[in-house]
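Chain nomenclature is as follows: A, B, C, D, E and F, assigned in order of appearance, with residue numbering initiated at 1 for each chain independently.
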Amino acid sequence: MEEQQDLRALDYLYEVGLLKRYKRTGWVVAGVSSPESIADHSHRTAIVAAVLAELEGASPERAAFLALFHDTQETRLTDVPYIGKRYLKAASNAEVTEDQTVGMVEGLRRLLGGAEAEYEAKGTAEARCAKDADKLECLLQAVEYREQGTDTQAWIDTSLAALETDSAQRLAKLALGRAPLAWMHEARDSKPAR
Amino acid sequence: MEEQQDLRALDYLYEVGLLKRYKRTGWVVAGVSSPESIADHSHRTAIVAAVLAELEGASPERAAFLALFHDTQETRLTDVPYIGKRYLKAASNAEVTEDQTVGMVEGLRRLLGGAEAEYEAKGTAEARCAKDADKLECLLQAVEYREQGTDTQAWIDTSLAALETDSAQRLAKLALGRAPLAWMHEARDSKPAR
Amino acid sequence: MEEQQDLRALDYLYEVGLLKRYKRTGWVVAGVSSPESIADHSHRTAIVAAVLAELEGASPERAAFLALFHDTQETRLTDVPYIGKRYLKAASNAEVTEDQTVGMVEGLRRLLGGAEAEYEAKGTAEARCAKDADKLECLLQAVEYREQGTDTQAWIDTSLAALETDSAQRLAKLALGRAPLAWMHEARDSKPAR
Amino acid sequence: MEEQQDLRALDYLYEVGLLKRYKRTGWVVAGVSSPESIADHSHRTAIVAAVLAELEGASPERAAFLALFHDTQETRLTDVPYIGKRYLKAASNAEVTEDQTVGMVEGLRRLLGGAEAEYEAKGTAEARCAKDADKLECLLQAVEYREQGTDTQAWIDTSLAALETDSAQRLAKLALGRAPLAWMHEARDSKPAR
Amino acid sequence: MEEQQDLRALDYLYEVGLLKRYKRTGWVVAGVSSPESIADHSHRTAIVAAVLAELEGASPERAAFLALFHDTQETRLTDVPYIGKRYLKAASNAEVTEDQTVGMVEGLRRLLGGAEAEYEAKGTAEARCAKDADKLECLLQAVEYREQGTDTQAWIDTSLAALETDSAQRLAKLALGRAPLAWMHEARDSKPAR
Amino acid sequence: MEEQQDLRALDYLYEVGLLKRYKRTGWVVAGVSSPESIADHSHRTAIVAAVLAELEGASPERAAFLALFHDTQETRLTDVPYIGKRYLKAASNAEVTEDQTVGMVEGLRRLLGGAEAEYEAKGTAEARCAKDADKLECLLQAVEYREQGTDTQAWIDTSLAALETDSAQRLAKLALGRAPLAWMHEARDSKPAR
């Protein structure tokens, strides 16, 4: 019984590994030649969520935690591009999470189900920060791909318009006028080589 | 002043975006042809940390949080392979984190510095879970690359030997005998197509 | 009016170009590191369909034509993997084709709609050859990826079981015991270099 | 004997699979970082040929069929770039097709040889549509790569100048002023998500 | 005049840059998913040539120099795979080198033409070492790709059979029984981390 | 004993093969999507060195030889990006070369150690040409990546400023105003297809 529960936890870890293999579909459509994975996106989204939560006076740990899992249902739902949403009717994230966690020890099941429910309901400051983090991360990536030659203006506009918290809106506006590698050039100048 | 602090927060978000571009050096050395990024690895590591913490009776949010940032210093330190450690003397993670967070609003600075310090000190159950998550994630990935044709036995052995918590050791042993896609084949059988 | 119709024809040609960018999801899941595109798959499928039709006494041109378009709806439906079919309810190919061809000159609309309808209905020998071609092509690719190190046995088994025509079954059985590059080694031996 | 003929048909299917692996050399030279395969190009070329034939009053099935095979000799001749044509003297497509089909059942041999001969002779409306499709497809791809950052003007100019049919010239002119993803943005606006 | 000569020298440097973009065709055919470039191959070939020459009592600088340029004509001739050699008649390397160096200052022209001529004639110990280096490098790479999951036995056999010098034969035999990363594991054990 | 020395020579050849797998870190940071390898860079650097030496009246063979090995220590030191040099203190190239050549037959050891020492000391015309070749090659590559859509101005400026020889400075200035593929377009016009 316990081994069976461990096996389900392990299977979940293998399952979320798929997020490394799945490329973000929007960038594929945009023509980015080696686009980031869903895991790539989710990693920075969680960090953005922590930063936004700190700035908004919410819990950084909780906001990051919600963001960490916000796309984990895409192992089964895939990352459907905008055009696809007109043609595919998806099961709810709650249903997928239920299937992903069935047979796990009860604590884990509650932990993962709870994160999904809170994120979707958007009723807490942490959920709002995580949602904004998803959009802000997309905007930052769009700026970076623009620097690398691809036209991503549509993604920048859409992401910007969706932001709700003050902190996310402030950072987004700064981001549009800031070179993604500026931090590096400044760090090089201020710190001597060893 | 406030805008300057915002700019430093934004720069940090651009900086951690480098982790999507940097491939994990160990897999490059092993000959994996399109290896995962550091961000890919860090995303699942944070999820593994949450699972281990739940199983060990520690805080999943905190363990995931520590894991989320555990390789963020590699934007400046790079992911030095084992052979390189004989030839490169690296600054401490604390020094890098200090430089990464200078000029940020005080709360953020403490938040990021605190995560780094707790992880390195390994004095809490959450830090131990995050450390084990780093190793267990590597083991899972090594099993997956082995399925895809590359000889990764050395990585499996090293990761297995480094695990300290009971939960990580139990899951690792199960992982060695479990096909990474078994969950999918079982899910397909148990749930009809729509 | 005529220019508007031309524009719709042109848009369709841009749209099917997406099939070059979309990788076949099944191979992504299997862990193939640089998987073929849907266009790659569709090209050989059309050739397989022509060969099967010739062997079965059907029209090679028509069978190839049906095969050529058999995945063109995936520009909007995406290539949903098996696990996803449990969670996504897709619009019919007929509905997508209708949307893809709206506003085109009537002859084109009928041409593309007719190919879709015949393929789906499976009422003609050509449609059956095109369907078998889809499966046989997948089997050949699975054998090729197996040679390159990835475990694709599940794809071989599923494809083999789905074949209906005698010719496809005969070729599939031969394929399992034939090295994909054998033709090349034999050609090299039988023909001198210039 | 029959099995031997089947084997030759199978070998042909493995052989054309090489077209998925070979990248279009012109794009490699241009510096596109992950260029399309010959199969990618051939798939859309066949669709373009069908559309042009319909607009020109020729047989779409036949035009598509000719286009489908128009680069199949490149498994042995490779895709020689322009600069290479000054230094490599290639066997005729007829000779390669002869070698590719030797030992096949007579009907298949005639089918494949006939397609090659008709395409090369350019004596039919279908062959002219297939030839124009080859060029128009290249032009569309060049526009798409231009959107993604690479300078492909030379390819656009050359392709445009080579078009012979009215329909191809009309579509090409429209293509130069049409964003490749415009169809998608318009489809999103006109059709609600499910 | 002098600027014109400089321009021709510069053009040559841009031209040989194509060797970074061209993948080695044999590995593409074999199904290696991200094969090395011609430049990759040429770099190690030059190092192998230096080592063989030192072991054979010839000039390492000259052998490396010949090897460095041994595939530079492939910017125009491309890397024709074995099967292609039955269908493509190539201009001589001398003719290509002549065209590549026309208009250069006389000394450069002689330098590059002389390297080509000596390599082709195989009349010197250095040329023989460079030729063997080409084959031995291919064998080492084949062993490495074999470790990474692709079946490359045909390349190993062919390369081994072509070696002429004692040193190359000795090293090749050792290579077949030596793990490509053994040096690294041994280095790790013998030298402590900093 | 002799076999042991051969084994060390072989191990060195396997070791330098890592340079094909390691991508140039600077381009990864810049966001180039499929950057060149260290071996790619080293190959053209050696050719540039030969050209510069010929123009400067130094020995082309020796300059190319020094350039060929100029990054071979990076198998152990990795290609540390600028930002990393503030945080990583590296062993000297001499120490790495010493470790790479230990146990080799004495002649080889001296050969490789001598090349490293001469290059680092910069006391000979050949060493200066090889150093300039390293920078000029980087500049050429930066111009090429700029043509392909990435902003590489910082790399162009840095490389240009570092050049010391007259020949390198002359070629660099010409390179900034010369299209990387101009040679090809001119060659096509001046030489008829076969």
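Structural remarks
Just so it is clear, a residue touches a chain if its C-beta (ideal position, glycine included) is under 8 Å from a C-beta of that chain, and two chains touch if they have at least 3 such contacts.
Quick caveat, the model's predicted, so the values are computed rather than measured.
Shared contact partners of chain C and chain D are A, E.
Think of each touching pair as a link: the shortest run of links from chain B to chain E has 1 of them.
Superposing chain E on chain F by their CA atoms means rotating through 180 degrees, a value rounded to the nearest 5.
For the self-contact between chain B and chain C, the two sides draw on mostly distinct residue numbers; the shared fraction is below half. For chain A, the chain whose average C-alpha position is most distant is E. Note: centroid distance chain B to chain F, computed from Cα atoms, is 33 Å. If you average the CA atoms of chain D and of chain F, the two centres end up 39 Å from each other.
In chain C, the residues that reach two or more other chains under the touch definition are 29, 31-34, 76, 83, 86-89, 91, 144, 148-150, 181, 184, 187, 191, 194.
The list of touching chain pairs reads A-B, A-C, A-D, A-F, B-C, B-E, B-F, C-D, C-E, D-E, D-F, E-F. On the chain D side of its complex with chain F, the touching residues are 29-34, 82-83, 85-89, 148-151, 154. Those residues of chain D that touch chain C in the complex are listed here as 3, 6-7, 9-17, 19-20, 36-37, 39-40, 42-44, 46-48, 50-51, 54-55, 60-62, 64-65, 68-69, 72, 76, 91, 99, 105, 107-108, 111, 136-137, 140-141, 144, 170-171, 174-175, 178, 180-184, 187, 191, 194. Only residues 18, 21-23, 25, 28-29, 31, 75-78, 80-81, 83-84, 86-91, 95-96 of chain B touch chain F when the two sit together in their complex.
Contact residues of chain D toward chain A in the complex are 32-34, 144, 147-150, 181, 184-185, 187-188, 191-194.
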